[in-house]
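Scrolling down, you'll hit the structures one after another.
Shared between the two complexes below is chain A, which pairs with chain B and chain C, respectively.
Entry: the complex of A and B
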């Protein structure tokens, strides 16, 4: 059916106009893709237009591609048909495409607009084309376009939820006006640029087709008729439109339209066509009143600042996790190997402690870890000890999913009751596990935290990623966690970059515990801290491990850390496990020469 | 209950020149429930090594240690770690508590490992600390700043709270003044009376003759004599 549709589109494209046939065909195809995948930004080869980029070149290309002789075009700029830009665009489109032009929304079939959806209720006969300046809703929270693409692909929108959370914390309301993020058809988050929040409800299950064109950014996206468009907001924080209850237009007297400053302290309608027709008595006021978002006007009583501030009752004992499967272990890894460089498993021969090197004599590859295996039971902490370069962090990164191993299998009891080898899962699936199954504390807190985001917001990132959508519940949970890690509640809303190293590490630990993961991975958790601060963090971790049924893997080069936190330990040297046993036995009766040296070094 | 057969332990000192030191050279020993067996012999005879081999702080080279038929020398580490809490306790001469923790917390943590819930553990810990005569004012003071005698009493309290079935004592009263020593010895005497099997090392004959039901004398890693307490001590 799509192929048929495409060939029909191509057949009808043989006319003169600003766009040549090839361009028209390409933009139509991109537009059709956009309609098929609502909210998804389709890249297209944006052409030079006789208007500057950033002045509506994207919208113009979409209009020119979809419009034909039987159509009537209307162009609005700042809610006004009579502006220079609007008039010139309208004349140019009508002149080059041979279609009719009008300023009356009821006559128009294609309405190109900047800033507004017309106040006139639209029908299935209308196509609304919006000129988009910034199509990427994640631009404000993520600089890398590749990372934005990944977030869209995986539906990983925690970052944008955190930005809403931070806005509420800082300002008490969500201040974002144009470009408010919406979830389209339950799948893609889309920026509703360039329209104000007032117009956002007009896109939800609308009878008309909305097409968004961004010329500079070379993207087209669409909201087809009857599609769900939900503004992102927390369950307990209502979405608000702009304006107040007492205002009305100084010209036509309307109080159910989007009003803007009209000079001289007056407010006037932001849609000149509608305003004039209301004044003339040529408007269907009843139909308009039905669509007006008056029920979404700000309600001070429901704003977050009116709610009681977060308070802590007695610290509850953490819930004991029910045993997920019959397996003895939470984590089981076997035969884990990681070779950097050529040769893979063939490069392993000739490396290891007995050869005194990790560099393959045949291929020069670095054998960072080979044949590493251990398992961890619920409530048990296992240490991974060895000097720098022994491969312990490589092993941990493979467990977390930051590196893909050359060999080995990894099972978690929480995933398919331990049946799936996690190393066979793709990166997206591994990342999902890090939200609710795995807690990861890194040596450098700045690697695990967003420093410009508040302590509470960093915890909110984990919670929103796990599906939490109640602002107050998120704050309560964040407050409890921060209290548990002894970060004062008065610092909850301060950016983490204002925190000391020890405090940052505590926030990182709180974040790792936010979703009560079954497995906690600690990579040199106290190494970057000075002695007294490190002692405090170590005490905290000891307490946390004692009170929970979490399974933990602790990587450290420091025997004191391993001795304090773990019952069993694995000693690594040059990528291999050279000894394993009960931690106190490794300390009191080390067998391997390397372990004996480590123990001797630890006795200061 | 505890059955030791032909136990051998040799240390290989890789950090020096790889030389080996024989510590236990084929030890046979049995301890029954409610029995208090004291190990005697000169320094270096292997008394402490024997306790540690039972507890698996040392990994024996050969021989068998079985507790109610469970072979401990080859038990997987995790199973051994679990067994240590509830079945098997070890009280060394010196307290090895986590840094920056107070006596009550240390003893309560020990009781929790032995299966008591949080409140019961704290209660049992308080009883144990009183029994060894530790002043209540010190219960939340960091163990690291307390005196040697106080630390030893905390260690004994932690080892004997909610007592395990087999308790290994390694000179648990060596640093105590006479009054506190008396309290500690009567606490230990009560253990065997309540059915705990005790294997102990004391450095003075008076404690042995008072507590032990049987004495095993070691020299150079071998048992040279065994018999009732009075007979060996004399």
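Entry: the complex of A and C
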């Protein structure tokens, strides 16, 4: 029995394949998944190949998984069939798989390539296998792989858009050279392996299947035939391919191919097969010219004028928007509770102002907030006031989605007309609300801003997340906002880390307002600032709340801030609401002794 | 078709291969037989088996010879060979307490249960270079055999004593999930501990040691110096389920190195009245690797996410070495595209602002 089994194995080993059949099936399954979800990086159990990681081990596995004896394989590196890596891979594939090999793209059914798409227009008969060194297009803007996975899952691509915005601000052009990021099928951002920009448009709605294999990072992804592949660029910033210097190939005379240095100051086609066939008159020049991206050659006249100052068109102040919703509130929260530690709701007994502690006598848990409820009318500002440790910031963090509450419900008029309890939504849905429904200003501007990004770029982050795709419109909007918060426009393109604390806070406020959210959440917005700077920011906020139809929740320990900004206020002590009412009345005639203390402190 | 552009490359490759073969295989010296290599270069063979994740001394020795002594290259040969083979069975879990020790030390205790057994090691021998003229003359000094009593062969762990004294944090949850198979599924954070341990067991030794030491003297890092409770090298049984009876049968033994490292817990949320235990286990005799692994295991549990990504994704020698060496491949298409952008930046006539880019990509 065993010997039979062993001899069977010996027989199959006679094929001397580079992969056993189980592995082939696994890789084929991953490849099929990739075809079904265009642009999505499918993890697979990448095997070790006889070539090093980074030398095409992923492409080789994909090729071996899809190829069979009736196939003809072609392998190129930099467009060249004679490249040593291409040669090595080709002889390995043809030598073990029993398929034909060819250097003619028209004869090949599977073309494995590194860094190029062949010049020969491909057809539905072709499978193009691209070797991928770095499959993650977000790696540059996000180092954590888990966070990159989350961004793909949620379609959260603002960071890469901001990187393009910043690139234009810094350089006047997008300087990404190869591996240009593309949006596939309107869903996933994908790295186009390091093929030159010249080849990127040639993947768009192409008749052939493109498969991408990353062996080291253990990912396979695909662009099925006739799929949208759009390079990420702003609507008003043309995507540029290489070239435009009136060059042509010194060997075949082509001027509609990707050219590389050919020595002696000459340029030659990188695709050696195409070059040779053009020289011999064995090439369909017309079909090739039709799909060459000549319309995307750089046109300096169409480039953006970045450093030219944005001029503000004098526009009338936006009229207060009429209240669209018939709802009586923009936000309504009821029964909100948050317990840190053991026991949940059972830990609440024995805590609160009447017991003088927020620590549960039974479980030791901290009852940060309990039974907190209030609503905010459209256009109204409500204050949450209390000493530090009173639970007001906990309440705000629950509202914004940074903490999940132990109890309570939260409704926003802007979400399902107030029908949905936001606390039942998952983290991804909560994050989406922060794009255009909730504006959030934190006490520490560095928590709400990317300090290495320019002031304009920080605002662009919100706008691109909300779907803005016009570079000039984004700059115009950012300039208007920065002007409104009194940040000089000459500083718009400077990184926020070079700004003072007060100026950073103004940028954060501008960012929070960028998408005209229905609700603004302000957490101690002036606390970290010098007194005179704080007064300026407070003035600004008062003006903004007055001129805009935005509801606001303002958290502060300082009754002066609450008094300046809000119409109504809720007083919190040890996690409970101890008093609420019109801010003026609370300030003029506080009932609760705790409120009286807070008022006295503000009047000192 | 007149185009035959592929010829030049192939000839160059074949010539390079002939060079290697000629000078390696036909050097005018005696042939290094496989037994020579397994007997005289035991630690190199063990290292290849560990980094390849495949335990077979002759296979590792063949690879070591073919790779001209480059252990990483040899591990690559073994792993690529493994890719061609079907998987016939899965080995049964091994209880490391079954290890018959060939060497065992307990630095944390003067007189632990069982022996402090130095075994075959040059740890305590002066590093004096010997330059013999020829093979040493035979002598009669045969080392005493390893202890035979079971308590000596399978000593009780030092950690068992600590558990009795209730000095160890107990992470055993009772759940016994299937270990993560890093050879079949890509491990990405967040991943179970078994995935991190398996990644380290196959890692390049130098990568683990470097990562550990970076924390000791580098500008950052959370990895502390641990106290070693156990360092062992010994034999473990290999069992698979019999295809007919379904019962585990022993089909061989393999050597492994095992380490238990004691970590002094001092964090806010940690049990400061107890120690934590880090674990290391790898094929063959490779104490450096096993000790670094145990130390990194406990550091990963304590200091989490970023170290987890490092351990899962950056310590494999084939991955890092291959990617480094891929820089030798032609990159003239990508470079030409980069030159194009340099020229474009010049022609915009914009003043270049003194700001850093947001994000830098690999290409």
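Annotations for the structure displayed:
Methods note: the second predicted complex is superposed on the first by the 578 of 604 C-alpha atoms of A that agree within 3 Å, B and C clash if a C-alpha of one lies under 4 Å from a C-alpha of the other, contacts with A are read in each partner's own complex, and residues count from 1 in each chain.
One rule holds for everything that comes next: a residue touches a chain if its C-beta (ideal position, glycine included) is under 8 Å from a C-beta of that chain, and two chains touch if they have at least 3 such contacts.
From a predicted model like this one, the values you see are computed outputs, not experimental measurements.
Annotation: superposed three-chain arrangement on chain A; chain B versus chain C shows no clash, the two fitting side by side.
Touch criterion met: A:300 reaches chain C, while chain B stays clear of it.
Applying the stated contact rule after C-alpha superposition, one finds that A:436 touches neither chain B nor chain C. Of the two partner chains, chain C is the only one touched by A:276; chain B is not. In the superposition on chain A, A:524 makes contact with neither chain B nor chain C. One geometric descriptor of the composite model is the angle centred on chain A: between the Cα centres of chain B and chain C it reads 130 degrees, in steps of 10.
Once chain A of one complex is fitted onto chain A of the other, the partner contacts of A:144 are limited to chain C, with no touch recorded for chain B.
A simple residue count on chain A separates chain B from chain C, and the partner touching more is C. Of all Cα pairs linking chain B with chain C in the superposition, the shortest spans 36 Å.
The intersection of chain A residues touching chain B with those touching chain C, taken from the two complexes, is empty. Taken together, the chain A residues at the contact with chain C in this complex read 1, 5, 9, 12-13, 16-23, 26, 43-50, 52-55, 57, 77-88, 90-91, 103-104, 114-116, 133-134, 139-142, 144-146, 149, 159-160, 162-163, 166-167, 169-173, 175-179, 194-198, 216-219, 240, 242-243, 258-261, 270, 272-273, 276-277, 280, 282, 298, 300, 303, 306-307, 450, 452-454, 457, 493-495. Looking at the complex, you find that chain C touches chain A at residues 1-10, 12-13, 76, 79-80, 82-88, 183-186, 188-190, 243-244, 305-306, 309, 313, 318-319, 321-326, 329-334, 336-338, 340-341, 344-345, 347-353, 355-363. Those residues of chain B lying in contact with chain A across their complex are 11-15, 52, 56-59, 77-78, 80-81, 98-101, 109, 118. Across the complex, chain A meets chain B through its residues 317, 328, 377, 380, 535, 538-539, 542, 546, 564, 567-568, 580-582, 584-585, 588-589, 591-593, 596-597, 600.
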